[in-house]
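For clarity, chains are labelled A, B, C, D, E and F in written order, and residue numbers in each chain start from 1.
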Amino acid sequence: MPFIHVEVLEGLSTEKKQELVKEMTDMFVRIAGAPQERVFIFFEDLKRDNYARGGSLVSLLPPPSTAPAATGNEGK
Amino acid sequence: MPFIHVEVLEGLSTEKKQELVKEMTDMFVRIAGAPQERVFIFFEDLKRDNYARGGSLVSLLPPPSTAPAATGNEGK
Amino acid sequence: MPFIHVEVLEGLSTEKKQELVKEMTDMFVRIAGAPQERVFIFFEDLKRDNYARGGSLVSLLPPPSTAPAATGNEGK
Amino acid sequence: MPFIHVEVLEGLSTEKKQELVKEMTDMFVRIAGAPQERVFIFFEDLKRDNYARGGSLVSLLPPPSTAPAATGNEGK
Amino acid sequence: MPFIHVEVLEGLSTEKKQELVKEMTDMFVRIAGAPQERVFIFFEDLKRDNYARGGSLVSLLPPPSTAPAATGNEGK
Amino acid sequence: MPFIHVEVLEGLSTEKKQELVKEMTDMFVRIAGAPQERVFIFFEDLKRDNYARGGSLVSLLPPPSTAPAATGNEGK
């Protein structure tokens, strides 16, 4: 407890996920009084042709004009 | 808002998913008054050896006698 | 199959939900070839103090200036 | 993007949830490059007689010997 | 591990849920080699006007002709 | 009804999943009075670098000292 499911666009690196895991776990221990070993986090990598926003699959959206940093988070 | 998660047997084409996305988005705008850009849809492709009905994994069910259209929706 | 989970802000009426159910079911039968009796839809009513966007729980957001129709969809 | 679902034992106050929302949103903006307005967080309050661990519903577990702070997080 | 989410029509008693918890936990320990204290089970009680099958909310379906045992599982 | 989602570490064999499906289905028929053909079970295989416990992704945890049985359930 807690159980945290994170859906994020495919492309987020393992290093970034581990950074998020560390900070989120510390935060729930500090704010919600959760025992550290009972903080569970699950990432789900959303494929661009399985995730849609505003009436279109992200894979079919025109690429954003500026080239964002290589975080794999284009078209969020 | 809304956030719509659709679990469907693997094999549904991207074209069909986009067709569903378009119609579902328009429907939630029309019926639920949702702003179009805030309708989020997530598809999850169920693998036949990870989905079970009536006591059996779908991958272990006998193939249906008639060969359904190639929508990948056998054994739904 | 399919299994469709819809998270929507609390307040959407049963009549609107049934309208959505009818149209979504027909759509999946027509587009994805699903048998009607195997289309499953689950609504989840999001409470305003359990749903957050852009750094704030919706319950703590300033009310929108114009009063939208009572579809319970303010602050989506 | 991202979409974060947090299941936590019932009893966590709205103030604590907002504190978690603020920090988690800032974190995903900083680490994952997410646009702030596109960070969505959903809390689900687990009822003690609907959540089980180690073979028992939490509501049927003996109360912990020490009385933890009133964060509603007993028997996590 | 594992994490088991069970959606069931509202009305299933706490006694039955505990019976299911006990048997499911033992089963995952026996078959999947899971440590007992790491088997997590979550029940979600589906309201009849939030769950639909075959084009209709269950709450709007005609009551089944025979009256099943009061397990709260009418119109499954 | 019921709809059962099982998240388990990747590596559980199809044979074990079918064994679990069979027993869980019989259990819900026996205890909850569910019709067998309406028991739906969904497995989700958790990747070690997408699942975290106690502040670390499982993929980054030191391998357990004793070699557990090859059920693919290390570092649950």
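Assume a residue touches a chain if its C-beta (ideal position, glycine included) is under 8 Å from a C-beta of that chain, and two chains touch if they have at least 3 such contacts.
Source: prediction; values computed, not measured.
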Hop count on the shortest chain-contact route linking chain A and chain C comes to 2
Can you tell me the least number of steps between chain A and chain E, where a step is a move to a chain it touches? 1
B-D against C-E, pair bridged by the larger set of C-beta contacts: C-E
Farthest chain from chain E, going by mean C-alpha coordinates, please. A
Farthest from chain D by Cα centre, which chain is it? Let me know. B
Chain C to chain F, mean C-alpha position gap in Å, rounds to 30
Rounded to the nearest Å, the gap between Cα centres of chain E and chain F is 17
CA centroid of chain A to CA centroid of chain B, Å: 23
Going by residue number, chain C touches two or more other chains at 3, 7, 38, 40, 46
Going by the touch rule set out above, what shape does the chain contact graph take here: line, ring, star, complete or other? other
Here the pairs of chains that touch are A-B, A-D, A-E, A-F, B-C, B-D, B-F, C-D, C-E, C-F, D-E, E-F
Which stretch or stretches of chain B touch chain C in the complex? 1-9, 12, 16, 19-20, 23-24, 27-28, 31-35, 38, 46, 68-69, 71, 73, 76
Complex interface listing, chain A residues touching chain B: 7, 46, 49-57, 59-60
Under the stated contact criterion, what part of chain C meets chain E in this complex? 14, 17-18, 21-22, 25-26, 36-45
Give every residue of chain A touching chain E within the complex, in rising order. 3, 40
